[in-house]
């Protein structure tokens, strides 16, 4: 049977000199606590601490990295127990698991394979790789373990060495799970992050409903520009009370605007009246980034910008299965002109932190590193989504370090809803960063002592500082 | 005298561990048959089996990779025996060869040098590199060998271990050479591919003439939208009868459209009336990709899209020498918005295969891998044209594998009219792919056994599957 | 105390085979004379040969690579003794130096650290890296050495082995310093280069004043199209008399135009009347590139195009401190469509040389290498500005060589105003180029003998040929 990909030297360059250095660097950061400042785990898990049910529901059907790859090879989402828009799940979870197991070759050379093997080996104790032949063994054993106390959410949280994890909630979220976690007496630090997209983006299908809840939760007249901004201020305070130190903005582009108050008010009136066209909607999102930056200077929340994804590109799939089904495709993204209006307002502030992410690697060396290597408020988020991978992380360091240095970056984000893969993802990042540093040391571009300091900062120090944790 | 670049370890990384792995992987795929599903060899060679004449006419004057490099250094095309638009060839072929030989330093570090040395060494038996000093020896010996039966097209086809080769013909081609090949009793498999650009692109200088022939060959009224579509259907059947399993589309952009039948008919009326402006011409090409995709679902032909070349960029050169003179320059290419209209129609089909190529490497990780890693109908063609090179192939794997895997790619295309270089080109691809796989193995990201399976698939399995061969 | 990064093997790959080859290649080019055909040193230094004063004024406050990195981390430019727009310098230079010394960790992994360590070690004889603890020792010793004759500009020029250096002057520059240098009897070759941006770009804040001086210096009616062009011709001759062999053009984009004489004249009338909008200004810059190309064919000056920088992006900083304060951010740059109008006029010339630079690395393989690998007049400048770094230079070679070869490139430019770093910068380029060549040799893609020839050409031969020196 094939072995799991868990060699202790995995992801380390083969050259013996470099490998020796990376082993030393990695050994010193391997066991540092995990700080996860941006992700999409479900706070209900930690609030209720209910056990997960089976391998498919936990590992396969919510993970769009996995099922999109199978879908790309002609396998129907129904056969993978992916829920339809109306909640229907067609396949039996065990059968879906067998389909997944039978197509493991599709993941050769992908980060999913590395993450899965880490979960299978380090979390569940398997020693053989998943194949069609052992699919049922895998399924059964995972199910048995999940039924034990040691595999409940809080137990795994502790076992994983998580110092803090941030979830992401919409502006219309009551934050009940976070309240329940705080009141439970459990010591795990689970905080939220403020993601107001659905009350800002009038092209979002949930806009109307989210706005109504936003009004209820804040008691503000959110159809009035002043009331709308006040509602944001109030909710930001609610989120801060639930531990938030950051906001998050997933706009289609990085565009910002600097409208006069009167212009902004008039634009908002169109937006809430349902009279905004695509240009208005884009301009309003742009203006709101500048408004959010102003509020961040007041209340200290770190801003995160995650632009550049063309959401729900596959129309047929969206109609049948809804959002987040692996059909979000990156697009070319401009930052230089796009961010200028906001930077004209807040660019010289040393109070503000704006963390920039990208799905367009051509911007790393051309736009993002020069921007972050200049503006006090700008920092670079780690390699994101499709680029959260060994080659992606390597390119990120190779293309940003020489201009922005290490200290305009913010450590690692796992950005995942796949809770069990969190240790694997942080481990990959630590390995790849140490491998990059080791190359600099081997080429006499960095002292080994300095490399140790940087490795520690990338794994632990920078994230706490940048996210004010 | 300098040696040819034919070291058995060429293109293998220097690190001894990695080199050991790549030797093993390469040894297992080196001698697999060549399957060449996309290229531009002349079917007349195989139909007539006439001997080639001399080194210049065979190797230099038709190869725009070579003469454009010399031209870029101020050498006139006339001095390289490149035919003018009117057919005039100015230089004596031997003198042209001497000019070429005297400028070999220009090819240092280029794939042309690797391909040439392979041709010189493995095909013609030279042991010294080409220089000004041995130019005449080279010229004479090549000429003598070409006059022998062993160097006729069919003999070389067999010697090269070609299992199948596809040529490319326009929609107005009578396919006589392919008929002659089939009727000759020779066992070599030479098939065609349907390239209808000249009857689709009204900005093509051959449009009017091609359309007239298209009408003659099909007996359809091709100035009527229904007749025009029928003509395509008929010709696609003709091509299928000549072995075609694919179509090929070399549009300036990847743009597609999804017009209503009435809109499409009205647009076509403008196009055939000569009333289309540049916007209309682009929209018509876009709509035709969607029409071709629909036809492909019906008749099973695999679609290939080769967008993004600004053809005939050098006006003066085009006026004097015509097309395909090394003056086609890649441009920035969008796929995400461009393909959506077509994908809205056919995107969820599991019957269709659309193979995407690019000259814009910034799209590999950003657009192409995410698209191919999602849509069942999309696959990625190999590194193309300027990127059909060791560094280009390496970047292709590094930037696509983690998101699209290996199994959304389709093996290698040589895409060449330089028949003698075909073994060299496939050999380079096999070496570079094995080197990439060996790195993954050395870094414990892939089992060695899995790497062997992938190496075989990349060299042989995937091309047969993707192109339905 | 930490050591300086001056290991003799720095920047060489760790693999022993490759390292052996690169040592041999580098040893043969290490001590070649420095030819610096493009940069921004101050000719007054060489004209007056006055001593520099202290470490801060020489090394820190004029170097935007350094102070922008500190600024990006929240340190005020005032604290770094960077002059305000009105000339005010707030911080004491010694205190500024201490701030700089205390933040050396920000430069880990950056080329600034390599350049600084080379200056500290090779020029000033330090053996320990700069830290907060030895900041005063550094400051004192540098100050003492600068007061000695051995550290005056001309002495260092000779010690650095500079064969020739080009400065850059505006079209409104009287070239007095260059005259003084020539008349001084000193043997150092310091030449100028013609940079007419301020008299071409009506959006430049110095446009009006520069134009007035341009008129005075030439005696032409520069508000008349014919007179304006004549003034350029005259000034180009003045610059040629001051040793210039090149012009330089730092436009926001690479756009060129091919207007009729009447159109150009009408556009110019708008420009000088102050009636040009942004579109007119861009079109005029575009047309002037074509005019400059025409003049270059006449007078032999090599053209350099440096497009793609969004200048003065930080509005607040620009208002307070003015230009060149590390706030110029690269933007996406097109060359294929942009250069066509000019190439339609001069593209087939073998008399003209146009050297293209870019800040947009996505154009290397896609646009620039194919353009330079075709057009006789086009050559590629080296990795520029943010990309003048080990990783940047490596990517430049990896992405241009296979299509353009080595011989459509022009050697290294240091492009710096930091005179003391010039040996360091050329040394980094020689090391990185040799490392690239060594990899090709180790992978049997290039003969070692050929690699030696190329290494010499990249370090010395090509620059002299391309810049006609």
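All chains are identified by letter, namely A, B and C, in their written order; residue positions are counted from 1 within each chain.
Note that in this section a residue touches a chain if its C-beta (ideal position, glycine included) is under 8 Å from a C-beta of that chain, and two chains touch if they have at least 3 such contacts.
The chain list, named the UniProt way, goes like this: A, B, C = Uronate isomerase.
Since this is a predicted model, take the numbers as computed values, not measurements.
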Among line, ring, star, complete and other, the chain contact graph is complete
Interface of copies chain B and chain C: same or different residues on the two sides (over or under half shared)? different
In whole angstrom, the CA-centroid distance of chain B from chain C equals 40
Two or more other chains are touched by the chain A residues 15, 362
Contacts from chain A onto chain B in the complex sit at residues 2-3, 5, 7, 9-15, 68-69, 71-74, 105-111, 113-114, 129, 310, 313-317, 326-332, 359-362, 386-387, 389-392
As the complex stands, chain A meets chain C at residues 15, 17-18, 334, 336-337, 340, 343-344, 347-348, 350, 362, 365-367, 369-376, 378, 398-399, 401-408, 439-440, 442-447, 449-450, 453-454
